[in-house]
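For clarity, chains are labelled A, B, C and D in written order, and residue numbers in each chain start from 1.
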């Protein structure tokens, strides 16, 4: 073990020794504030979440209100821009800012729900496969291999085109394509933890299997799970945009960032703001989520911290 | 090694079975393509007639049986759209996609390996921040957007590269950059973190204690160890790369499997969908197998 | 007495972590003569490993030597150029690490790793290096040295690996060998063999040894001088006989009491309650205050100096200030 | 040794990747030169046309794809051909003679040869027409099943016999199913060989087809009407992504690009060396209403109210930027039975619409669903959303439901249509009868549930009416009734929008064909 990691252990000793004190949350906050990118990430993610929640009160216009008189107005600072439409209007005269504000709802909801679904399936399968091993493990892992062999976007494309691209279908599709990474993660952790003394001891005194799983195994996989989930929300938002590009994303009048971006791409060269702002919304949010996820990994996973 | 290979190959069989079953189910629930084969103004009588003559009314198990029987002879059925056997059409398109995928992978490796190592050894330097920041930014950008931007910049404005299509090397540059840099962003992050972990290992300290130059410590002792996870990472990216070709091919009109597949999906040409999903999955499995073999060869600790 | 081979003066190595500055080594001074064997004793976290790495110049970010001098044959290593330092490392100063398992690169053969050093420092050709390496492997008592030469580390047992490490460290006849807990990870039966081996080999070339350990049993067997470290500081510094006979610091006593001795059968072994506080957490008073059974009010307020009790015995404790006053 | 093995592996992997890449490249070295030559400089005689979707097949009877026919038209000739005014003239046929209601005798032109050198004979015509008229698996079968048989009189003379009097026969023989196939060539080499090496009688012959990439045609030296000298090579490049297609046009990568989205018209026009040319297509965009009992749209006043509430002019001018012509009939100009009174006009009167709604008992409006595809027609999604916005003005709350094309087709097929859906109907027959047949009650029972006895009578009468003038009147009358009774709301007739380089001259035709002999270099 190197000096650096020894030091790490020391600082962990601090964390664990102070865990009982009520300042646990404060400690975390302090840890967070020490990482600039983590702080920025958290602030943006919180901001986007708030925007999504309060979209109705924040949006200056009805996002679907068509106004032929105000078609393709540039943002307020550009020539011909209007202060009524800060980020300009689209080809039907709809307010882009309002659309982006409303779009955050679906983009976040899809991202989070899909990840939650994938996580639930993945953790379940991973626990079962890792804990019971043998034939069950073998079957489940072959299933995992099969899903890994089909690219997510391809699978999503086929399913969405068959069942039609609704929000629910999208969530389900992304959920059932992404669970494999959680299953592999959890299985791996379970395999290593299973061999540890405390599990063996619990087993030897006759503790029931599901109790061992819930009490000893599950808590140990939570940290890496949170890290992967966070980053997964980011990938899901991108994936939704890509599916919109292929025409199988969320369909209007439901507004998603991917949808606005993809609709705006015909205007990239002529009315740049149609695509640029939703593009920025996606990029900034994903960036923030990645920052947050990286920070979480540094804090939760001692191996990755240097 | 032989035993390992045999075990690994045996594992592929159930995987292929599962995939073929999933693919079949997809096609079964997809319903029949007849309506799409006829024009907008076709009458219901016309539709029913075509349905009858194509014989799409068999029950599930019979259709599955026929399907599996065909599969063993590498027959995925006839493409409704092309009126030809599906597999040759798919295979015909495979080289274009492989070309794009390989070029993107090379772009990704050429960017990611030096950048990942560099930012790991110079951790927290401005260059590291630039590299990590850049890779996160790239990761956060939808690929099609990047592609369209590259066309506008390098083709329309600067005129350096052709806009689209497949042909000589210059046609390959923009699509490979689009897809490759996207993959590189992910790879750089992974290589950096795996490199950081290795630079923290005891044997690196040992090497340094012997008075070896940092350059050799990094490139001999660390990199070779870091390469082991990188091989796995690269293989796991195969799926992402192939998935990414769907988007990139559409943006750049690259005549590969991706475009064929999208057309097939849109027209419910399920024979093509089946064949291409199967071929893609097979390819990904093959790459993972290859990675496993390389992994074993690279790491003397693993016994065959 | 010959001139000191190594002299450490007020060495300060601090780590700049996200939680603030951590003084891992906080003003350590000692010296080591040619041929002498010195032990640095302390629990994990006491700063003994950081001291050795500071000498080697292997403290990496976020650690930094903040002050003091490391004089090796009169040259200050802390200010030496990287290039010259590299020439020294592995050649004049060699190091053996605690974990023979992880300290060898798993992807290179044993021979590759030994000859790497020889080729680098002695400008030997590939063949020469190979001959020398095999010779070294034989010297450290490895049977079938030619075969081991081309084996990968994972195929060897722990004891064998540590022998390989010793062979590697001694391959360039260093003047100073730093051994960081060289036997901790090994079986008891092998520990003695390895220590004996180190002793024998270094005697041949009059190599000085700096042994870092938490095991006083090891100390008794092979060293001349002992430095006891606690929380980044030297708390007691004396020759091995004095230490065992008359330990002055409560911490040293605690350490001695917790070492099993075959001759004195005790009912139970003593142990020191608690763990070493993380560096930097105690800002006032004696660093040992939290675990000392004899701590007084003063210990919590004022930090004691390293006090010279006799010409070869220094201790950092208020108890001994008072004794003197009492005399 | 061991270290060498490592680098060996590393090199192997890199080489393997490179090899895959290179092997891919070598297989396509061929199109490279065509690409390079096609970048529209003055001297070159290559024409490159960017199309949005790849050709489907060379089986001219087994697709229903206008953009596929747009390419085929260069390689195959029809027995008859429509001119720009929509009038039908013989093409491969020298002269014809209507013997009775069921029989037409025709004589082929002399000296017509296929690209492989074989002369065109009656055998070929019989083979072609009977194939499509009898094989019910073919997608064009419904349009040719009216033909009973082709009787050969001599090498060049034959009789086409229909099952029943068929007034649209000449329309049918002047469109995609009637391109004449080489019987001898197919008999000798097999159908699959024909599909990969197609042979026709047209001005251009097949050179190569790289799927989803390009199709290359070269002039046929022995074309009966004289070799086309204008182009040495015509390349159709497949570029599905709109912005990419536009970029190719702007950078001179292609000479002609079809389907330019309105957003880019200004850009193409203001760019030096390119411009947009337009022509009204034969595709009418309409709302198919459902008249099923119980729905508000069962009431003709509601249907009329919807029509009055939709400002077709605003759709055409704002959303489509002038890329369409408002219309109230399905039968456009150039079609048999066109009624000019119903064309270039529309109803828009919000007050009247409200009144009609009130009369129908919907003073407070109602809620309805409008289903629409996305990306199928010019600005289709925008149009649907705009209509929803317009109907809100008369208190009709429209829920727009967008369906991906295959789901849309499925919806139609399963009769899951709601109050209205947006559809574009083309008419490759250019015979109005073909369009107004959509009003036939039996045809869409359970789908639109529309029935108008007057229309039923007129439909029945026109179906076998061999008197062209009378039949045209009947079709016009159906249109007039429909414009009032509104089973569907006809919105506008789409324009074809083609971007062309200044170096070529091209006037698009309503049938959307890309007939290379009509494209000239400047």
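As a working rule, a residue touches a chain if its C-beta (ideal position, glycine included) is under 8 Å from a C-beta of that chain, and two chains touch if they have at least 3 such contacts.
In UniProt terms the chains read A, B = ABC transporter permease; C = ABC transporter ATP-binding protein; D = ABC transporter substrate-binding protein.
Note that the structure is a prediction, hence the values are computed from the model and not measured.
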{"item": "Chain of greatest Cα-centre distance to chain A (ABC transporter permease)", "value": "C"}
{"item": "Interface with the most contact pairs, given as the two chains involved", "value": "B-D"}
{"item": "Central chain of the complex, centres being mean CA coordinates", "value": "B"}
{"item": "Geometric centre distance via CA averages, chain D-chain B (ABC transporter permease), whole Å", "value": "35"}
{"item": "Chain centre separation (chain B (ABC transporter permease), chain C; CA means) in Å", "value": "52"}
{"item": "Interchain centroid distance [CA atoms averaged], chain A (ABC transporter permease)/chain C, Å", "value": "48"}
{"item": "Rounded Å distance between chain A (ABC transporter permease) and chain B (ABC transporter permease), as computed from the means of their C-alpha atoms", "value": "22"}
{"item": "Residues of chain B (ABC transporter permease) engaged with two or more neighbouring chains", "value": "31, 123, 148, 152, 156, 201-202, 205, 224, 250, 265-266, 268, 298, 300"}
{"item": "Residues of chain C whose C-beta touches two or more other chains", "value": "53, 99, 102, 107-108"}
{"item": "Where chain A (ABC transporter permease) touches two or more other chains, by residue", "value": "1, 4, 161, 247, 265, 268-269"}
{"item": "Residue ranges of chain B (ABC transporter permease) touching chain A (ABC transporter permease) (in the complex, touch as defined)", "value": "11, 14-15, 18-19, 22, 26, 29-31, 123, 136-137, 139-145, 148-149, 152, 156, 193, 196-197, 200-202, 205, 236, 239-240, 242-244, 246-247, 250, 261-262, 265-266, 268, 273, 277, 280-282, 284-285, 288"}
{"item": "Chain B (ABC transporter permease) residues touching chain D - in the complex, by the definition given at the top", "value": "31, 35-44, 46-47, 49-50, 53-54, 81-84, 89, 92-93, 95-96, 98-100, 102-103, 105-106, 148, 151-152, 155-156, 159, 162-169, 171-172, 224, 227, 250-253, 255-256, 259-260, 263, 265-268, 294, 297-298, 300"}
{"item": "Residue numbers on chain D that touch chain B (ABC transporter permease), as the complex places them", "value": "2, 5-6, 9-10, 13, 17-18, 20-21, 23-25, 27-29, 31-32, 35-36, 53-54, 56-57, 59, 62, 64, 136-137, 139, 141-142, 192, 195, 210-214, 237-241, 243-244, 247-248, 250-251, 253, 404-406, 409-410, 412-413, 423-427, 434, 438, 443-444, 447"}
{"item": "Chain B (ABC transporter permease) - residues contacting chain C, complex", "value": "123-124, 201-203, 205-213, 221, 224-225, 298-301"}
{"item": "Complex contact set, residues of chain A (ABC transporter permease) against chain B (ABC transporter permease)", "value": "1-2, 4-5, 139, 142-143, 145-146, 148-154, 157-159, 161-163, 234, 238, 241-242, 245-247, 258, 261-262, 265, 268-269, 275, 279, 282-287, 290-291, 303-304, 306"}
